[in-house]
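Two complexes are shown next, each including chain A; its partner changes from chain B in the first to chain C in the second.
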Partner chain A sequence: MAIEDDVLVIGGGLAGATAALAAADRGAQVRLVSAKQSTLRHASGLIDVLGYAPAGDGPLADPFAALEDLPAGHPYERVGGEAVREALSFFDEIAGDAYEGGHTDANALVPTHGGTVKPTARYPASTADGLASDDRDALLVGFETLPDFDAPLAASHLKAAGAPFEARGVTVRFPGIVRDDAKITRYAHLLDQPETVRTDRGETTAREALAAVVEPHLEGEPRVGFPAVLGDDHADAVRADLGDRLGVDVFEVPMGPPSLPGMRLEDLLYDALAERGVRVTTGVPVVDYETAADGPDGNAPPPIDHVIVDRNGTEIPHRADQYVLATGGLVGKGVESERGRVFEPIFDCHVPHAADRYDWFVDDVFGDQPYAQFGLPVDRDLRPLDADDGLEFPNLRGAGAVLGGYDFAAEKSGAGVSLATGYVAGQRAAEERQ
Partner chain B sequence: MSDAERPTDGGVSGDDDFEPIQVFPEAEEMDLRPGADDCYKCSTCDTNCPVAEVDDEFPGPKFQGPEQWRLKRQEDQDVDDSVMKCSNCMRCDSACPSDVPLSQMHNTARGEYVEEQMDKFSREYVRNRILANYRRLAPLGSMFPRTTNFVMGLSATQWLGEKVLGITSERELPEFATETFREWWTKRGGAQVTNPDKRIAYFHGCYANYNTPEVAKALVRVYEHLGYEIMVPDQHCSGTPMFANGMLEDARRSAETNVRELAAALEDGADIVASCSSCSMSLRQEYPELFDFDGTDDVAENTWDAVEYLRVHEDLEAELEGTSVGDEFDDFAYHAPCHARNQGLDGQTLEVLAPIDGVEAHDVGDSCSGISGTYGWKAENYETSMKIGEEMVDHMEDADAETGLTECPTCSMQMEHGTGYEITHTLEVLEAALVGTAESTATGANAQ
Partner chain C sequence: MARDTAVLVLGGGSTGCGIARDLAMRGLDVTLVERGNLTDGTTGRMHGLLHSGGRYAVSDQASATECIEENEILREIAGHCVEETGGLFVQRPEDSDDYFREKLEGCRECGIPARVLSGSEAREVEPYLADDVKRAIEVPDGAVDPFRLCVANAIDAETHGARVETHAEVIDLLRDGDDIYGVEVRHDSGPGKRTHATPGTTEEITADYVVNATGAWAGQIGAMADLEIEVRPSKGVMTIMNVRQVDTVINRCRPKGDADIVVPHETTAILGTTDEEVSDPDDYPEAGWEVDQMIDTLSELVPILSEARTIRSFWGVRPLYEPPGTGTQDPTDITRDFFLLDHADRDGVSGMSSIVGGKFTTYRAMAEEISDHVCEQLGVNASCATAEEPLPGSENIERLEAGMDDFGLRSPVARRSKQRLGSRACDVLETDEPNPVICQCEGVTRAEIQDAVSQSGSDLNAVRIRTRASMGNCQGGFCCGNMASELHPTHDEETVREALDELFQERWKGERHALWGEQLSQAMLNYALHAATMNRDRDPASAGEDVDFAAFDGGRPEGDRVDGPRGAR
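== the complex of A and B ==
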């Protein structure tokens, strides 16, 4: 007896979660299995669609207009521009007030912790007051114990990039943090609860103490940016509270991993999964599969009958009608490489690549790296194709970074591709279930 | 291929004592280098650490694991004493996207710290040794359970416990049952069902034996109801509290007995099931990571969580469809223990209880209860433990239920301590649904 569901989604990132939500919305009983905790903790929390064209043009003002010109095989080309828009609306509905940017097709420009500006289609509400297109002056505040965000450097970088406002950066000591390498969750917890901290002026809440430390540095700026550690479960309240105390608008600057905006996005999506009755199993990998004895006719490939989940050494069969593979790319281990080959480790789906491994990369680090596009080729239904363009399995679809044919890091298209392909794969899987 | 695996002389035929691992002296210790090298320092583990979130003096799992391992390559580098602040919840394991064996690294570092740096006459060592070896004391308490419960409940005893041993007086010590599970099992004449095709060996662990035999009895009734022959092999502590206190030699002795007895049960055609999520975690993951007795891997691969086993080997959903639990149970506030979470079992109880009529389980979120076995019993950790558990307690109180539900004995202590609710085990609910209540089984009629 296997553990049974209609649709089994393998992978717990943005693509997997979106696929599970889309399938559940169509009435399927869905299970999401993720080898580890969701990697959304690595994500900036920004939802980009397309920041730069594959040829490097950009930043693009209108990502949707550029979708029409993408090369054949690009995941956006596979699902079509309309599906990308539907997927974004689907996300907007789930995210509600937590995200902004849905009012326009145009990309927003969000300053990051390095002081660069990232073109993105949706952004967390916590970053909204920080947009680079906003001409209000800004004070950036960094913390001595959080070297990942150097506020004066980020402010200079913004200025050099031609931001239409004065940006100034200061570094302060975060009240209540003693340790040089305190975790970002520690900052968030202090502000979230809010905990009591001891300062020169006696015991106060961490929020009050932080506002008191920042206030003397204000020189009339109407908005103040902090590294994205302003609370976890109660981030909106933390921001509003700090803003009230300082008499300014407070925003967060997205940081590298691990990232609280990414964790909040994870919470938002996993709460939605729970609401829709999706069964979630994390911390255990899918390691193998079995096909049914025969396909529907002699020539067609047999469908996947069940997959094997490795639960700390014990093999647990999981069966579904339809499967979605959303295990990520080379970093996420959805695509792996050895000296002689590049492969997809669960179903051994075809991954096109040059026979000579010296052709997998080019010497120019920022050049067009072939490895960046490694992944599965799929049909317009997102079903993986073998070397002869035949279906690998009739009941398997791919979504997100496991797909090939695009370079999300260069294009700034990672989140958008995950949303669009996850949405389409989840819907089709639900529609085709028995 | 590691050096240890490469025979120097093509193997020594006819010599059964040949131990390839002993050929090279330096290979006697576990090689954790690949684990350390796999860490790309994303710090995801640190964001999952419940201790680091409330205590910034704890440097977090990334330091305790790969960073400390690298530092230790230097001569004269001691293990940092902060390793004793790790609660061994093992959440970092399932957080790591790069498969770094974090808890294995913590266990070995903690073992080394206790072995080489901790004063064996210190109060901390003595106290930890006592807590870790609960199983050795439990039979004494269990011999005169009423006296023990009375004495342990005295405020003078608790005060002494805190002052002399550093065991917090804030908590009520768990009560000993008047009849242990094994006594009950012997008295009823052992297995009531014989079935060579459906046989399980039950690893009940210490707590279900000495303190909550109703959980173990529930397992017996559910499995026998479904036609299983149950074996109850001799067993020691699973080792979980010993790992958490760095008492690796104590753990090794217990593990040796457990592996031998359980491997023998496998020979008899049984699969191993455990009702405590930390026991199953230990047999499945920590044994193969830390020990290499004959049969360790076999035991690990054939050990199951007791409910998971039924889901895979029976049509449990169909069995439960339309059953009800009567008045015995109402809705539950369910907390998934970290050690169940690490086995991918955090959603299981809610899924399994769904088809039962008249009872609903509300998940109280993914936070850690904060007690982590013996951790929250130590006076110096009590405050941290309660701070970690605050989120769970808040969510339990918000949930529409007056009873708690979990699979872990120490999580249940924390849940009870934080809310005053009675705490039930999933198997007890399954028993009520499939077999009827314990009382009605015993007397043949319900009291009403």
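== the complex of A and C ==
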């Protein structure tokens, strides 16, 4: 017997989670199935909305003003500016104190671990004191054993980028890290736990020891930044404790994969899903689907009747009225490719692409990369369109990185598009259920 | 008139570096100039096969004999650059029995140890061979790291007093009547190690004798002194897989052909190649069908290649040469032998010889012959020692390996580092400082990167060829930035940024030929990391436009903060 729900969301990243939450919010019975961990593990945890116009203008201080000028087919153009605002408010409500930036329409400039700054709309509370658009001087602290963040280099880079404050960087040894290639989570857990570490001064907690290592380097800066390893489950407490000991504001500089702020955001979303009664199964891919025998009338395409979920080799049908496809882009594996084609692997929805794979890229690594825009074209209701602009299925909506027509990396719009389209797709799916 | 140097070698490929080492060891004063990094020419764009000679055992037995001799010498003097993989010449059902027999006889005639394996024995050695392969000949082919070997020659030349200048392009030959007495070079960033963002200079270097070892570019050098050198550059493609589908060199046992060999190399397997004449060694088409041909044709031998992930493709140009009047049509028929052109005998212009053609495997023997010639010209009486003296990194390797510890590294990292560094491992890896891994794919630690930086200035491609950092699956997406950081604070932030951009762009260049499937996903991940997370594509520091920071969100207003007042608590 098939598992039955009102709305089935496929994919458990930012877009899928948001869609599921939005649908549940409208009273639908929602299930979310996801194959693997989402792209949030890789992403910085920042919620970019729009940092640069597609033509490259920016950084944009006001992302909302620029939303009106996006080309037809851009996901934001599909859902409209108002929906983007609503989606952000929805996110702010779910995130609560964990995220900041909602007090203003303006983008913030955040220091990156590579050293420059980038525009973003919402940032984790842990980064709030680190804004580069805040003019207080800052001390950046890196660790000898963590090559991803070179604090002295980042400080010089911030200066070159024109940041309006003095930044200094120092590199110290992280107390209690004995292996040169300890995982990021090892640093976080040392700080999370009351576990003690051995230093010259005897046994202390890692927080105490870290503060003692940093203290002598302070030259009156009111804020101190670390790579984003300051705690996993107790990040707020770690930050506050370090801040109290040093008498400064402490912040995290967002990092690349594996990203603790991204994983914290994922945890936050999954907690919210559990709270709102969404049934979640992870580790199970959707592998196939069946349509109903006929469409409502002769010409319209038939709706999806059910999808097949592969649970450790057993194929289990899942049936719903409405489906949301939020399987991610090239990174999440919602869009795949072979030597001669680019495709969407579950429903084989249309993915526009050049026939010759040598037209999928340009020679400048940071040029206008066609591959970065691969994904599904959708109507204003976010329903995937076929090559002739007809509906692929009447009861399927796409959300997040599986959508095409935008380059989130160049625009700095990744999380924002996932939120806005997830929110709209979830709402519409709930509204349309029978 | 006193000259700057006794011998000036042009070109920092295997031939040039081999000659520089040979002559320096004979006590001559040597200077070598190379327009890019060492190995920037054909040497850094070859297949990595240490020939047993098997490939030439039917068509060119003189070359085959020389290959097996040099193969055995390089295993001794350059053990840390060679992997003794062994090789197979594999016959498919449709391949000729006669040719198989000729190959076997040829190997025996040339002194190449050869043994016949049945199809099932061959598949025991290499389980991914096609089910229907008929039989195979086993020969002592090997895999060789051209970067490491070339750099080791250059280092040893320097140890023996040579001056090695990279990023020094020859822009003119100095000719006085019928005598060539030196060159004019343009230093990319002044003499010595390269530093980005340093203005270039030019320099005249005079010499008693000039050796033109610029391979496929030898004709361009000759033209600077109105000498005609008929190099016929011929390109070949190589496609790199992300894992080693085979641990043995796999050759197709049939007469010449495209796409007939797979060479395991470090963590990868490299498919090759083609042979097609081009007019300009710096500018020739690199086409997708060539990559397709590698995968499709070699899948006949190793079927899983058709589904496997490739991480990049690259092309090299062979410096083929034939004496005027030979007129061979098909470049595959041009001899692989090398030619020493003494321009005094040939053109009546003294002071310079050019070397063209040849193979990487026989670079040492070529260098010996040329060095003999140079010594004769200069009236020097000194004999060659390169066949006996191990290269730096390969001294007393067995004894050292037994005694070496793991330098506090995880064992897979330690093992790979020691393989790359050979007997230099202790010097490089022994450190009291923390030594984290900088490149995860290839297991390269900070100490090894720092060692390479100390040899090559701010040029990260030079660091790459010395260490393999950024050459694995992620193609630098995850480690380029970390490599660049290692340049700081010796080099300033702007230099570091330029060096990083250059490496990242170089990595992209080869990756473009592998953009489908997993590698396209990897490319998107790399792009997202560098553009979305780091904003390296629109970095205000590089864009040169001032950003109005005050127009952006500077944080919640004071009274509104969740965690109390700002700053100094």
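One rule holds in what follows: the second predicted complex is superposed on the first by the 434 of 434 C-alpha atoms of A that agree within 3 Å, B and C clash if a C-alpha of one lies under 4 Å from a C-alpha of the other, contacts with A are read in each partner's own complex, and residues count from 1 in each chain.
Heads up, the rule we're going with is that contacts are C-beta pairs under 8 Å (C-beta built on N, C-alpha and C of every residue); 3 or more make two chains touch, one makes a residue touch a chain.
This one's a predicted model, so the numbers in the text were calculated from it and none came from an experiment.
J.: What is the contact status of A:A2 with respect to chain B (first) and chain C (second): first, second, both, or neither?
T.: The first partner, chain B, only.
J.: Report for A:T104: first if it touches chain B alone, second if chain C alone, otherwise both or neither.
T.: After superposing on A, A:T104 lies in contact with chain C but is clear of chain B.
J.: Taking the superposition on A as described, I'd like to know which of chain B and chain C A:F408 touches: first, second, both or neither.
T.: So A:F408 only meets chain C here.
J.: Scan A:T281 for contacts with chain B and chain C and give back first, second, both or neither.
T.: first
J.: For A:R311, decide between first (touching chain B), second (touching chain C), both and neither.
T.: Once the two structures are laid over each other on A, A:R311 reaches chain B alone.
J.: Is A:A28 touching anything from chain B or chain C once the two structures are fitted on A? First, second, both or neither.
T.: neither
J.: Scan A:D181 for contacts with chain B and chain C and give back first, second, both or neither.
T.: So A:D181 meets both chain B and chain C here.
J.: Using the superposition on chain A described above, determine whether A:P258 touches chain B (first), chain C (second), both, or neither.
T.: After superposing on A, A:P258 lies in contact with chain B but is clear of chain C.
J.: State whether chain B or chain C is in contact with more residues of chain A in the superposed arrangement.
T.: The partner with more contacted residues on chain A is C.
J.: Which partner does A:A66 contact after superposing on A: first (chain B), second (chain C), both, neither?
T.: In the superposition, A:A66 contacts neither chain B nor chain C.
J.: Looking at chain A, which of its residues have contacts with both chain B and chain C?
T.: Common interface on chain A, chain B vs chain C: 42, 181, 257, 333.
J.: Considering the complex alone, what residue numbers of chain B touch chain A?
T.: 42-44, 46-49, 52-54, 56-57, 59-60, 63, 93-97, 281, 284-285, 288, 297, 300-304, 308, 311-315, 341-347, 351, 363
J.: Would you mind writing out the residues of chain A in touch with chain B in their complex?
T.: 1-3, 33, 36-37, 39, 41-42, 177-179, 181-186, 189, 257-258, 263, 274, 279-284, 309, 311-314, 316-317, 332-333
J.: Across the complex, what residues on chain C touch chain A?
T.: Residues of chain C touching chain A: 288, 292, 408-410, 413, 433-438, 445-446, 478, 481-482, 485-486, 488-489, 492-494, 496-497, 504-505, 508-509, 512, 515-517, 520-521, 523-525, 527-541, 546-557, 560, 562-563, 566-569.
J.: What part of chain A is in contact with chain C in the complex they form?
T.: Against chain C, the touching part of chain A is residues 42-44, 48, 51-52, 56, 58-59, 61, 97, 100-101, 103-104, 106-109, 112-119, 125, 128-129, 131-136, 144-148, 150, 152-153, 156-157, 159-164, 173, 180-181, 222-223, 240, 243-244, 247-249, 254, 256-257, 329-331, 333, 336-339, 356-358, 360-361, 363-366, 369, 371-372, 408-410, 412, 414.
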